[in-house]
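Several structures are given next for inspection.
One chain, subunit A, links the two complexes that follow: it is found with subunit B in the first and with subunit C in the second.
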Partner chain A sequence: MRRALQYLALACYVAFLGFPLLWLLGTALKDRGELATGGLVPLSPTFENFGDAVRRADLVTAAGNSLVVALGTTALVLVLALPAAYALARFRTRLKVAANAWVLVSQVFPVILVVLPLFLILRQFRLVDSLVGLTLVHAVYALPFALWMLQGYISAIPRDVEEAGVVDGAGRVRVLVSIVAPLLAPGLVATAMFTMISSWNEFFFALVLIQDPAKVTLPLTLARFVGAEGQVQLGALAAGALLATVPSLLFFAAIQRRLVSGLLSGAVKG
Partner chain B sequence: MTRAVERVTGAPPDRPPPPTRRRRADAWPLVLPALLPVALFSVYPLVQGMYLGFTDARAGRGVVTRFTGFDNFARLLSDELFWSSFRIGIVWAVSVTVLQFVAGLGLALLLDAPLRLRWLARTLALVPWAMPPVIIAIMWRLLLNPNHGALPGGVNWLGEFSTALPAVIVIGVWAGMPQTTITLLAGLQTIDRSLHEAAAVDGAGAWLRFRHVTLPGLRPVIIAITTLDLIWNLNSFALVYVLTAGGPGGQTMLPMLFAYNAAFRYGEFGYASAMGDVLVVLVVGFLLFYLRGQLRSAS
Partner chain C sequence: MLRRLGLTAAAVLLAGCATAPVGPDVDDGAGPITLRFQSLAFQEPSVAATERIVTAWNAEHPDVQVQLTQGTWDAVHDQLVTQFQGGTAPDVIHDESADIAGFARQGYLADLGPHLSGETRSGVPQGVWDAVTVDGKVVAAPTLLQSYVVFANTTVLEQAGVTIPTSPTWTWDELADAARRTTSPERAGLGWGLRQPTATVMSLGLGFGGRFFTGSGDTAAVQVGDAELEVPRRIHEMAYTDRSLDPTSLTQSGSDVITGFLAGRYAMVVAGSYVAQQLAEAAPPGFAWRVLPALAGTSPNQAANPQTLSVPADSPHVEQAAEFIEFVMRPDNVAALAQGEWLIPASQPARDAVEAATGGQNGWEPTLDGAQYLTTAPFQAVADYPQWKDQIATPALQRYLGNQSDLPTLQRELTEGWAQVAGG
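Showing the complex of A and B:
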């Protein structure tokens, strides 16, 4: 009896979580006639919506922009975060407290406060409406969390390994590059992917900082596409939404295990 | 920029040995390259943004602004739209957080039990986490479309005065539940099984064990995740912006949407920042509550 109730509840959750996704997939695969009828399963599945989406909303340009920004953000974040995270994990300085406090602060303040001055600063540098400006902003906002994640991974590396390097006469940077970094590879990959997903999904800064249609990112294009939502466009909209989700789902699938296990160990220690 | 769960559980553990003077000086060149851009593009704008709330900054006027004291705040207090968005923001943040917590705890308990379908639920529980909020909004708009959507009856759920707010709340729960669930699941797995067994031996039923073993064991995680959820929900923007843009008739005008409109539709940077300042005060209040809870559970 109790088991049966548990399965019933689980089935409800699966339906609640899964149905919208199935609906999206179904809509993307429907042909024009079927879109009007509103059934879940497409009777004559077609991929024409995907082609439609790519042509109409100019998804290729937007995806290219998103990719450039996401890659740039990730590169910048890793270059800045690796040495800083190493220092924060290995040296006891007041910086460490400040950095960890900033991680929390960066997570809780309303972005509207920061985006207005940023808009003004970037305008002075002529970086509004520029992918470089957006990359910079994404990097700065991904940095605190990347620092935090990397610190955790670095702390897990035994110090003895480094001490050996120091004894052999290698300098700090040398130790970092040739001893710590290779051991840190899985953590670096996870941090990189998390940063990429954040940038790929980010909407607010892009909305405020980018106006030029040639420079819009994928979430922006799709959000504008919704405004034009009409009977004929439903399928294309769904197809576009699916296409835009695929990269972050793939990244996410790749780091999922690591993310969840990090979470579990964090909870155990906290 | 991204919600991150791991931080709810506290700073990464690490106890370095006492450092030498030489080492401390060594840290700076490594940290500085990261520190400078954060200071310039994050700390400084935040402080400046908080200050803008006390000025008459407008779009086009650049950084040359006049200090106007509490004028913006006085105007906020007499602005009906402010009060309604404030009220809607609280209703939204509290309902989403509570529902997210109740549903998330239920799902976490199920995922912790040895059931057959749980791998599917576990996978599904993670998917919304990776989806851009804009895509989640688009998906639900397609689903709730009155003409071609999934629900019968032709109700325009997102477009009717009476259903718009409840509809965006349900969607908010869908989008935010994964994080809550996974965090609670992580918390559940830290609870010592032998406590449950001991309670069972003493004749405690499922409810009593939940009440006296599970809940107390989860306490720190519950306080952390609900506080952060509350703050995140209060600050949320993208999902509802794409779902309804605050409509119909302002029924879903969250504080961040109000501030966005003030700044980028009407160019009132100072006024928008004042709304941001109000949010900061609320958030700091929640944080103090959170820290107090953390301290209490630590002692």
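Showing the complex of A and C:
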């Protein structure tokens, strides 16, 4: 009986979490009449909204651009954050306190405050309207939180393991690459997930920086379905949003196993 | 090892900086001029019409090619703030007059006056030109207008014994009376999506002589008296005294309330005229609706807040961009855009073209008739209006319409909030 209640609670929780996706699916499958008057479940499902979304907005190109930017951001953030987080976690200097304070403070700046200086700097380097520029901005924005996350993971790795490496003759870089990085796999995967998703969903920087229609990202494309005074083309927007979540879901599915196995291996080693 | 790596990285960065091209984009003078046109067209037919206009221009003007980009209404202000500062705003900017006034005062927009033809100027009423004239300069060409209209479920009105009005205007008292008579336990007489109430209150307030501001630019002062408070007071009264206006609808968007209207939850709704498109496409069989005559207080006036086309003052191709705007302003082009967005053309010839094309059906006739009452409003000439609207007026009105504050509090918040925004 108790087990059944646990399963019931779990099912309710999963339904709660999955509701937005189900609502999106239901809405995407409704025809215009049902969108205006219907309930949650489409009575006569249609794929016309998917056709509308794809026809009106070049979702494939936009998704490709988003993917390039998100992967580039993730790679850049991991490459920069790993040694920096290691230094912050392992070295006790006054700089560490200042750096940590700066990481926290940087998170409270509203986007609109930082976008203008960033925009002017990027313009100087002709990186406005370029996916490389957008990748750099996303990386700058994601880096502090990634540093914060990785620092915690690194602090949890016993120093003894590194000291054993040093005794065997490994230098700092070797220790970082060959000993810390493998043990840090779950943390790196979690950080990569966070970075990737935040870049994939980012709207405002892309709106300001990207002007060439061939370089727009997915959130910009989806914004086409929202008009003045809160008008929304709900069916096309839901269909487009649903298609936009597919790469994220695939990424999660691919990476989740790695995250779980990493966590388990860490548990065994601990 | 780390030191070596650091030095290498620094050298690579410096080399990158040294070789990166620095400075603003410059036209090398070779090949055709390219103008970037950021459109905010939203409905599929108007997006298609915009593309057709651009294609036609490009075919006729091989030396001046227009590249169409798509923007979004939600974020256009913040986007332009940044792009004006950085000197990379599109050559042709689509926006609305209330939003561009601030940019114009900061000198970001070119004067289109010398570039627009007499034909284009004479087609648009002076009141609408006033809405896009800042410090004597015509900073935009007005294209489309929106008015607030009452949509009625005529079956419900007839069943409740309310005569469907045929007069040119309809008073707020008549609206309140019809709302009371059509209210039943299952249905509210009126639904009104006022999640973002400021624009509606400011626009309809003109009908009671509510000006909200005196002066213009940086010297404007707020003025919130009985005339300015009349529209929110009447809405509040219908919602909480008469109970003929569904209070929950006040927290919803216009689109959400239309869903309820089509489901029979409201006898009438007040919404932007463009909602007719949604009704025409989505109304179930047998659902009878119509647009009622223009809503009038002491007058049927509403604010003309036209959609606009502007050119940045620092665009290297102001003249060519203005020529493109002149091309867009041709009556057949504006009529096509208007039909696509279900909005009112700013120019009379384009309005005539829409009337001829639609036969006045699906609410077009009263909507187009209502255009004569659209006039310039004082708030459009106030530099800090967008900030006051978002930070002060919208939350204050939301609290009042949500029955969380009273009328004196609303008056105080609107007045004192202006001092906070304008630094007075």
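The working rule: the second predicted complex is superposed on the first by the 203 of 270 C-alpha atoms of A that agree within 3 Å, B and C clash if a C-alpha of one lies under 4 Å from a C-alpha of the other, contacts with A are read in each partner's own complex, and residues count from 1 in each chain.
Criterion: a residue touches a chain if its C-beta (ideal position, glycine included) is under 8 Å from a C-beta of that chain, and two chains touch if they have at least 3 such contacts.
All figures in this text were calculated on a predicted structure; none of them were measured in a lab.
**Q** Identify the partner contact of A:32: answer first if only subunit B is touched, second if only subunit C is, both if each is, neither if none is.
**A** second
**Q** Using the touch definition from the top, say if A:208 reaches subunit B (first), subunit C (second), both or neither.
**A** both
**Q** Could you say whether A:138 touches subunit B, subunit C, both of them, or neither, answering first, second, both or neither?
**A** first
**Q** When the two structures are overlaid on chain A, which partner does A:223 contact: first (subunit B), second (subunit C), both, or neither?
**A** Both partners.
**Q** For A:238, select first, second, both or neither according to whether it touches subunit B, subunit C, the two together, or no partner.
**A** first
**Q** For A:92, select first, second, both or neither according to whether it touches subunit B, subunit C, the two together, or no partner.
**A** So A:92 only meets subunit B here.
**Q** In this superposition, which partner touches a larger number of subunit A residues, subunit B or subunit C?
**A** Touched residues of subunit A are more numerous for B.
**Q** In the overlaid three-chain picture, which partner chain does A:178 touch, first (subunit B) or second (subunit C), both, or neither?
**A** Touch partners of A:178: none, neither subunit B nor subunit C.
**Q** State whether A:112 touches subunit B only (first), subunit C only (second), both chains, or neither.
**A** both
**Q** Considering only the contact definition stated at the top, list the common interface residues of subunit A for subunit B and subunit C.
**A** 35-37, 112, 115-116, 120, 123, 172, 203-204, 207-208, 223, 226, 229, 231, 234
**Q** Once bound in the complex, which stretches of subunit A touch subunit B?
**A** These residues of subunit A touch subunit B: 2, 6-7, 9-11, 13-14, 16-21, 23-24, 27, 35-38, 40, 79-81, 83-84, 86-93, 95, 99-100, 102-118, 120-121, 123, 136-145, 147-149, 151-152, 155, 172, 176, 194, 197-205, 207-208, 218-219, 222-223, 225-226, 229, 231, 234, 237-238, 241, 244-245, 248-249, 251-252, 256, 259-260, 262-264, 266-270.
**Q** If we count contacts the way the header does, which residues on subunit A are in touch with subunit C in the complex?
**A** Contacts found on subunit A: 32-33, 35-37, 52, 56, 112, 115-116, 119-120, 123-126, 128-129, 171-173, 203-204, 207-208, 211-213, 216, 220, 223-224, 226-234.
**Q** Along subunit B, where are the residues that touch subunit A in the complex?
**A** Going through subunit B, the ones touching subunit A are 1-14, 16, 18-19, 23-24, 26-28, 30-31, 33-35, 37-38, 40-46, 48-50, 52-53, 57, 62-63, 103, 106-107, 110, 113, 115-118, 120-121, 124-135, 137-143, 145, 147-150, 174, 177, 182-183, 186-187, 189-190, 206, 220-221, 228, 231, 234-235, 237-238, 241-242, 255-256, 259-260, 263-264, 269, 272-273, 275-277, 279-280, 283, 287.
**Q** Quick one: in the complex, what on subunit C touches subunit A?
**A** Contacts found on subunit C: 1-2, 5, 17, 20-25, 36, 38, 40, 42-44, 47, 67-75, 78-79, 81-83, 85-88, 90, 96, 146, 193, 195-196, 199, 253-255, 258-259, 262-263, 272, 274, 278, 281-284.
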